[in-house]
Structures are given as C-alpha cells and as structure tokens.
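Letters are used for the chains, namely A, B and C, taken in the order the chains are written, and counting of residues starts over at 1 for each.
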Amino acid sequence: MDIYQHLKEIGVEMPELPKPVASYLPAVLFEHQIYASGQTGTQHQKLVYQGKLGAELTVEQGKASARLAALNCLAEIQAVLGDLNRVDRILRVTSYVASAAGFNQQPAVVEGASALLIEVFGEKGWHARTAIGVAELPSNAPVEIELIASLFT
Amino acid sequence: MDIYQHLKEIGVEMPELPKPVASYLPAVLFEHQIYASGQTGTQHQKLVYQGKLGAELTVEQGKASARLAALNCLAEIQAVLGDLNRVDRILRVTSYVASAAGFNQQPAVVEGASALLIEVFGEKGWHARTAIGVAELPSNAPVEIELIASLFT
Amino acid sequence: MDIYQHLKEIGVEMPELPKPVASYLPAVLFEHQIYASGQTGTQHQKLVYQGKLGAELTVEQGKASARLAALNCLAEIQAVLGDLNRVDRILRVTSYVASAAGFNQQPAVVEGASALLIEVFGEKGWHARTAIGVAELPSNAPVEIELIASLFT
C-alpha cells in the first residue's frame, strides 16, 4: 500500500522538514541504511513543549514531544529519499529524554515515538530501542530522537 | 568452538531474556548486522543495583551492572537469532553511566561490559566503544548498554 | 586528491592516536562502514579544556574541544585503515556536550566538529548529526564525539 494513502487513513500529516540549524544533513543514505539526524518535537520550526520531564512537563507532554520528534525524523528521511515508500523498516531508535533529578520513566515517554512508528509502518515499524535520560537538550527540548531505517533492496 | 560450550567453561550463564517493557524489539537484524536494544543490569527482571555512580554506588558495583547489562544484550541477540553461534564479532558498544555531579570515571565502569564481551568472544569481542555519563536512566539503573554485532556472512 | 596533501594545504595536522584507556579498539571496520570510538578533545594525551559548558567553559572553548575530538576520531580511523584516503564519506556524528543546568546551545558547540569534517572531506564531510547535553564525561571532558564513516567500495 502507498504510505501516503496510509498516512491519510490514520490521520497523520507529514510535517515540513525542520531546517537544519547548522552544518549537517537531515539524513544520510549508505547502501540500504539511512541515518536520520536527531530531531526534537518541533512543529512549524517551533518546539511545542520546552522543559524537563520530572519538572515542568508531564509524561503525556513528553510522549507528545517524542511523537513529533519521530515524525520529524520521517520528514528528514523523506527529504533525502524523495519518497517515503522506499523505506522498508525501522531498525533502531535512540531516544534522549531531558530528565530532572529522580525522573526514571524514560521508556514511558519514548513510547510516543515507538507508537507513531508502528502506526505508520505496522509490523515493520517495530525497532530496537535505547532510552536514556540526559541533562539538557538543544533549545530546552524535552525529547530528542534519532533513528536508522532500512530501504527495500 | 561452540559458544555454549565456551560459556560453560568460563562459568558464564546466559540470562533469561529481559522482557521488553514497551513497544520495541530485543534486537533487529539487517543484512549482517544486528542492533541490540539498550539493556540495564537486571537479573530475573530485577535490577541488582540502583542509583548513581559517584553517589550511592561504587565503581565495582557499576562494573558489575555493566557486565550484567552486556550479558542481557547477548540474551537479546540470542532471542532474535535463535543461536548465539551465528555472531561473528562485536562491532560497537555504546554505554551510558548514571553519574552524580563530579563523577568522571565512566570508562572504568564500562570496563565491566567490555571485559565480559572479550571473555565470551575472545579476539572478536574487542569493539569500538563510547562511554558517557548521563543524568538519569530507566528505573534508576546505574548503567545502560547497547551494542551492534556482526554475523558470519 | 591525496588527503594528506589536502590536510597540509588547509593547515590541519593529524594528531597522534590517543591511547585507548581500556579494553576497546580505536575503530572497527565492517564491510564498508567504520565505527570510530568516542573521543574527547585531547592533544598529546591531555585534555585541552576541562569542565562544563554553561559553567567553566565558553561556547568557543567547547567548539575547539569538539574540533579536536573529531580530529582524534580521524586518527582512530587512520590507525585502523592504515590510510585515510580509503574513507569515502562521513555518515553520522553523535556528539555529547557536558552541560551545566540551563545550557542549551549544544548545536553551536558541536559545530566545531562538523566544520572540521567538512574542511577535511569537503562535500563528503557532510553528515547526519545528533547533539545532546550530558551530565558528565570521562576525565571531565567538555565534549565527546563518535562517528561512522564509509569506505570506497
């Protein structure tokens, strides 16, 4: 099935590509793997939430941020490949959650990214995952997501 | 040599697979590389140590946690491949150490994971490595390890 | 063009390989990808700067550290490949910036690494990138860089 048809059916709108703020590419393709640069939960180039989990933000707000960040990673891949239909599956997601002292529910937050990828790619959205809690993220973002996907060979 | 025979000889028991706590896979295989999800130092689904290096835990306790986490990564790979004998070598280890302010001995902690991988795979257990200190980890784990291994082609 | 000739022309001197402080390799090659171990901003085995961004160090000092760390990654790759001319392009850079509370300019710091890679490899130095802020780094380093490069096939 065409992925854009599927996105329409599940009510997911592909975001515009967040502009890289510096000297890097949205994603890099090598052989049949594509590396997407780290993304935060921006919409129209602005963070929807700012702050840390365990302080200013709830787990639900963190999940929403993780979902947006994952969607932005797909926008990066689309920008480089031209067509998201070329993606076969998601291989690995690395997720960084800005965490105040004593906040240890990183996996619950990152679930927002994982759920989005499974909605979009079904079985092939399931991935290996790492979730960690970090001190600070760019522009006071609560979540940053990076991922590796494979292409049809 | 059969790896299970070797594990028996060096007195290393493969742990049961830690159950993923959310929507991700233990590991994902693509071509001849396998990505293992991040693991912490659990035994029978429970963390052996909790807390931060430089605060509640000693370097020795951190090393023990790193060793268990690496072993859990191997359990993930085994679960996906069916047979650990298919692994050729360890390519890269990324290691996150929950660090209180002023703790800067991450490499000494991560050595627990590296040593285990070298015990298990010999020459082919040597890997590229990154060790960093993070704010918080899931369930207050002291160490999280993720790795990439290659398979015999 | 020979890369060593180019390095001479742009006034970049390849550093000696920082000695691994523990049980890991400078870099590991698999098929046409090479994984370089995490590096900090050392020169002649000593950190040029120590401390955190947003506390003891300025963004300019962080950038200088990131540049040295990226150069040390190239020294790792050279040590394993024997000849840096075998590198085709940089695929991905993951960068960790030791960040005091409230420091959120990680991308500005990491720019020091990205700029160096583009100086050295031109178009092929452009990469996917992730920049995060971490609690602590080994030996109180301000920046740690790891990267993946591809080789000519």
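Operating definition for what follows: contacts are C-beta pairs under 8 Å (C-beta built on N, C-alpha and C of every residue); 3 or more make two chains touch, one makes a residue touch a chain.
Just so it is clear, the structure is predicted and the values come from calculations on it, not from any experiment.
Can you grab the rotation angle between chain B and chain C? Superpose on CA, round to the nearest 5°.
120
Do chain A and chain B face each other with the same patch, meaning over half of the contact numbers show up on both, or with different patches?
Different-residue interface.
Calculate how many whole Å lie between the centre of chain A and the centre of chain B, each centre taken as the average of the chain's C-alpha atoms.
24
Mark out which residues of chain C touch at least two other chains, giving numbers and ranges.
94, 134-135
Quick one: in the complex, what on chain B touches chain C?
The contact residues of chain B facing chain C are 32-33, 54, 89, 91-94, 99, 101-108, 110-111, 114-115, 118, 126-135, 148, 150.
Could you please specify the touching residues of chain A with respect to chain C in the complex?
Those in contact with chain C are residues 21-28, 30-31, 35-38, 94, 96, 98, 134-140, 144, 146.
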